[in-house]
Amino acid sequence: APARPRSIRVTYVTAPFNVPLIVMRANGYLQEAFAPLDIAVETPVITSGAAQFQAIAAGAIDIASVLGDTSAIIGRANGVDLKVIGAFSRSPRAFAIMTRADGPDSIEALRGRTVGGPKGTTLNQLLAAALAARRMRLADVNYLNMDLAAARAALLAGQIDAATLAGADAMAVTAAGGRIITTAEGVTSPMSVIAVRGAFLAEHPDLVRRYLGAHARALAFLRDQPARALDIAAAEQKLSPEDARTMWPWYDFSPAISAADLRNLEACQHFLVSAGMLQKTIDIEKDLLASVPA
Amino acid sequence: MLADGTLVRHTAVSLARAMAGFLLAVMVALPLAVLLSLAPRPRRLLEPLLEFLRQIPPLALIPLLVLWLGIGEAQKLGVVALTCFFPVFLGTLGGLAQVDRKLVEVGRVCGLAQSALVSRIILPAAMPSIVTGLRISLGFSWRALVGAELIAASEGLGYLIVDAQNMARTDVVLVGVVVIGLLGMLVDRLTRMALHRAMPWLPRDGGADA
Amino acid sequence: MLELAGLSMRYDMGGRPVSALDAIDLACPAGSLTTVVGRSGCGKTTLLRLIAGLQRPSAGEVRGRPDRIGYVFQEPRLMPWLKVHENVAFGLSQSLPATTRHARVSEMLEQVGLTAFADAYPSALSGGMASRVAIARALAPQPDLLLMDEPFAALDAFTRRSLQAELVQLWQQRRPTVLFITHDVEEAVLLGERVVQFSAGRLVGTHGVDLPYPRDPTDPDLLHHRRAVLARLLQDPHSQDARP
Amino acid sequence: MLADGTLVRHTAVSLARAMAGFLLAVMVALPLAVLLSLAPRPRRLLEPLLEFLRQIPPLALIPLLVLWLGIGEAQKLGVVALTCFFPVFLGTLGGLAQVDRKLVEVGRVCGLAQSALVSRIILPAAMPSIVTGLRISLGFSWRALVGAELIAASEGLGYLIVDAQNMARTDVVLVGVVVIGLLGMLVDRLTRMALHRAMPWLPRDGGADA
Amino acid sequence: MLELAGLSMRYDMGGRPVSALDAIDLACPAGSLTTVVGRSGCGKTTLLRLIAGLQRPSAGEVRGRPDRIGYVFQEPRLMPWLKVHENVAFGLSQSLPATTRHARVSEMLEQVGLTAFADAYPSALSGGMASRVAIARALAPQPDLLLMDEPFAALDAFTRRSLQAELVQLWQQRRPTVLFITHDVEEAVLLGERVVQFSAGRLVGTHGVDLPYPRDPTDPDLLHHRRAVLARLLQDPHSQDARP
């Protein structure tokens, strides 16, 4: 087997509300898992999905601890050597199409209006699916590409009529009097996954297992001491305890990829292709998913 | 991309944005630098503000720019202009400070008004430094495109690049990079040629040739 | 009439005051031609700069300064980005008709013997040619006050003679007030109605030269004046390095 | 933030990054400009490449930089240095082209070697333009921070700002902006003071004072 | 021995060729002192520049150029960022011991009468003072070939006399080869072992001055030589504006 690395690099992403990851780091589970092997763990912050798969492609990252479903599929389909080894979260209620208090009050009312949000992401998929459910297409709205912070700012500044938002940006809009037109609940099934560099998985399955072990410990802590976990997460994300408690029930952190998850990933790929964002498709189960050999 | 004309469209849009933002910056920076170099009092008031602004990353200001300028063309030009402003401004200030006072005195004994001193002596004498500032800004007008087209853009080479990055299309990123590089070189060369035609006495950037 | 009253100029040189001019009183009637002589560093250039208003005196004042001043600086000070003819035209009022401007420039270039170099840039000129362009530039606007700081220092004997003659002719025709600095005592007495002598920032003597114009450089009377001025100059006790 | 020292930590990290990136850029750009201005042949070879690179948005190169430099400190310095490089480079080239050849000739008749001509005449004479280039770069070293700390940073004012933007904490963004602005001004002022102390003949940027 | 063989220099001025020097043959024995006269623009400065190797001749060559050259340019060309004493020290080899350098600079400043201004920047000097600093800078390294382009043009009669005397003394002591351009015919015959005359880029005459050094400016023999050179100069048929 190839020599053990001196260190491994795992991305650290707190937003929108990645409680298990926050707990895992705060409680030092990762360090504990790798210290016996004399392996240092680095947890660089790389929030953008595209940046994460670019870093994986560059060999700079071994494990992407939280990667959006769209990013995982886009990256893999375009040749990035990554494998999905588990689910991180599912949170349809955390993703929403929002507007100001005086904004359009239904999906239908969005026709011809300006909507901002990050293109090529789960939120893009949400908008497309929500429109499709009302027999509309993305082309029926004026869809502008912008990241969450900009979309939030543009919405509050009255520059756009609606925005697709999540996490803290959604809370901020709510706090400013904004409304939710719809969440993803019942519309799409956004999920995030745990992804690893393919070569890393092939060479060091034992290390990947250790990582998953640490992840499992964090989940156990969430189950056993939810209040403590919430406090840790709220502090790390500088959220008020109330906001944290609001968001808590929106998330399902179970790590196993279910048949439903698989269907959702396939729907996600379908959306990407139909929206013209993906030219090549992959076999989700064979090309993307991987189990960690014992 | 070439075949269906998308690349041409993205290029045209970005060229227009880069040039408009650049010209906007020049049209404010150049007169302002001249004005401030002649008027110590307004200078003392304005300079700290400008010095402060000069350090701020335009990416940090994007939410603010969205607030002030919206998400349309104005915001994109704003990002480009904000990046291009200071090289021209500092280049001009530096050039003005270097102007040979002996030549200015020639104008003063000829009874030239302040404005004539500026147009007939100070600006021509400061021109080499101003040109350096212009060239730095011109380069940055292209560099600013990605930042400018990060938000609410659906066209432009910056948008093309960011979009391709998000879509893991390294080949497209590369095309965008190459087009920006070549186009920037071309514009730089044309600008220099035009400036040298208009002002044949300018040093050719040929180095000190010692 | 141009009047200097108690004109003084002190410079600060690293904390040490250098007195370049010390309480100069001098009256130059309109249309007079005064030549100025004195050792290197005695304040002659400073005097012209104060008269031209290029710097403020430390004390005293300049009265009766006319509007139109022609100044031949000690160095040529040509604009390197202008061709010779553009440099000569530099001081001409923009409101003059183009044909007048053009005629004046041609005439001046003719007088200084540089017609063939009208389209050259200053970098292609010899030292003496650059001086002559500077002279042409100062004369072109037909100023009422002409300040000349060693204008002919870089010229050969022949060119110098002809420009001296032209200066006198021009002065007789249009009668500007002229202040003319020179190190050449022969030139000082050939041109000046009077010669004023400076020493260490002070005006130490005035010598009238009451000979009619145009004067003949070989005139024995002129030689007599020359000897007188030279004698006083060589007696000048101040050596500028002993001064500050 | 102030109380628990986080702001101080972010500031220290960014200060170090901005300065290190800036110095790196200067250490390459300055000698390179001098070299190329003296050697026409290498210049003809290298210049097109540099001119090409000069136009490329650093944000477009981040994936490449990650590939070459990883996601550690090197990549962050790379982004800052890439942004700072060209103002110094062009400022120096421009300054060298403006050097009075008459002064260089004085050195040549004194029999000075090329290196002595550079150090004793060309550089001092070109210094005002070089300083302008340095100041423009210094400003851009701060501006580059957000881009530099976009990826894999957990500290620094750029990270602070991006993170705060993501967390919708406009107040924190503002703190970051103000700290960068003030710190940048301070560093600029100190640099100018140091340069003027070392080279008292430099124009004080006081304008042409016509 | 410094030898010029068929030395020519043509400039291009907007397409039109300007011949600044035309096939000059001249030999200057080591230790000789030659003065050069000629009308403004006749090519004197170009001659010195070619000898110094500052530009390549269009044709011909310069042989026997020594290593150590002192050049007093037609303009002072001081480094504005160096103080007067640093400017004077500029040409001194860095390998000289600091005390020697210091002594040389002091001595030179003394000779040109600027000891009191050692710490001044060039911007605080008068025109003549700047010229003197330039002279001191060229002399300080004790060069084997001394090229002087109208070095005393900006100096008053008194200062000029004393520097002339010092130059002759220095030349007699250390015997550098000297080429000295001047517009002052009196100076040309006072200093030169021979006077060469240029006209429109051609060497048109050589006049030997076989008088012992140091010479007395009032010596009637000198006056005789002066008249002879002047007469030839004033006959010079070329007027440079008619030339190109």
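All chains are identified by letter, namely A, B, C, D and E, in their written order; residue positions are counted from 1 within each chain.
Basically, a contact is a pair of C-beta atoms (placed from the backbone, for glycine too) under 8 Å apart; a residue touches a chain by one contact, two chains touch by 3 or more.
Bear in mind that the values here come from a model prediction, so they are computed numbers and not experimental data.
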Neighbour overlap between chain D and chain E returns none
For chain A and chain B, the contact-path distance works out to 1
With centres defined as the mean of Cα atoms, the chain at greatest distance from chain E is chain A
Busiest interface, judged by C-beta pairs in contact, is B-D
Per the C-alpha means, the centres of chain A and chain D lie apart by a whole-Å value of 37
Whole-angstrom distance, CA centroid of chain A to CA centroid of chain C, is 83
Per the C-alpha centroid definition, the whole-Å distance linking chain B and chain E comes out as 49
Chain-centre distance (mean CA atoms) for chain C and chain E, in whole Å, is 26
Multi-partner residues in chain A (2 or more other chains touched) are 54, 57, 149
Shared-interface residues of chain C (touching two or more other chains) are 75
Where chain D touches two or more other chains simultaneously, the residues are 63, 108, 121, 165
Pairs of chains in contact here are A-B, A-D, B-C, B-D, C-E, D-E
Chain D residues touching chain A in their complex are 62-63, 66-67, 70-71, 150-154, 159, 163, 165-169
Given the complex, residues on chain B that touch chain C span 102-103, 105-106, 108-111, 116, 120-121, 124-125, 127, 199, 201
Per the touch rule, the chain B residues reaching chain D in their complex are 36-38, 40, 43, 48, 51-61, 63, 83, 86-87, 90-91, 93-99, 101, 104, 107-108, 114, 117-118, 121-122, 126, 128-129, 131-133, 135-136, 139, 142-147, 158, 161-162, 165, 170, 173, 176-177, 180-185, 188, 203-210
Per the touch rule above, chain C residues touching chain E in the complex are 11, 13-14, 18, 37-41, 45, 74-75, 113-117, 119-120, 124-129, 132, 149-150, 153-160, 183-185, 230, 233-234, 236, 239-244
Chain B partner, complex, touching residues on chain C are 52-54, 67-71, 73, 75, 77, 79-81, 90-91, 94, 121, 141, 147
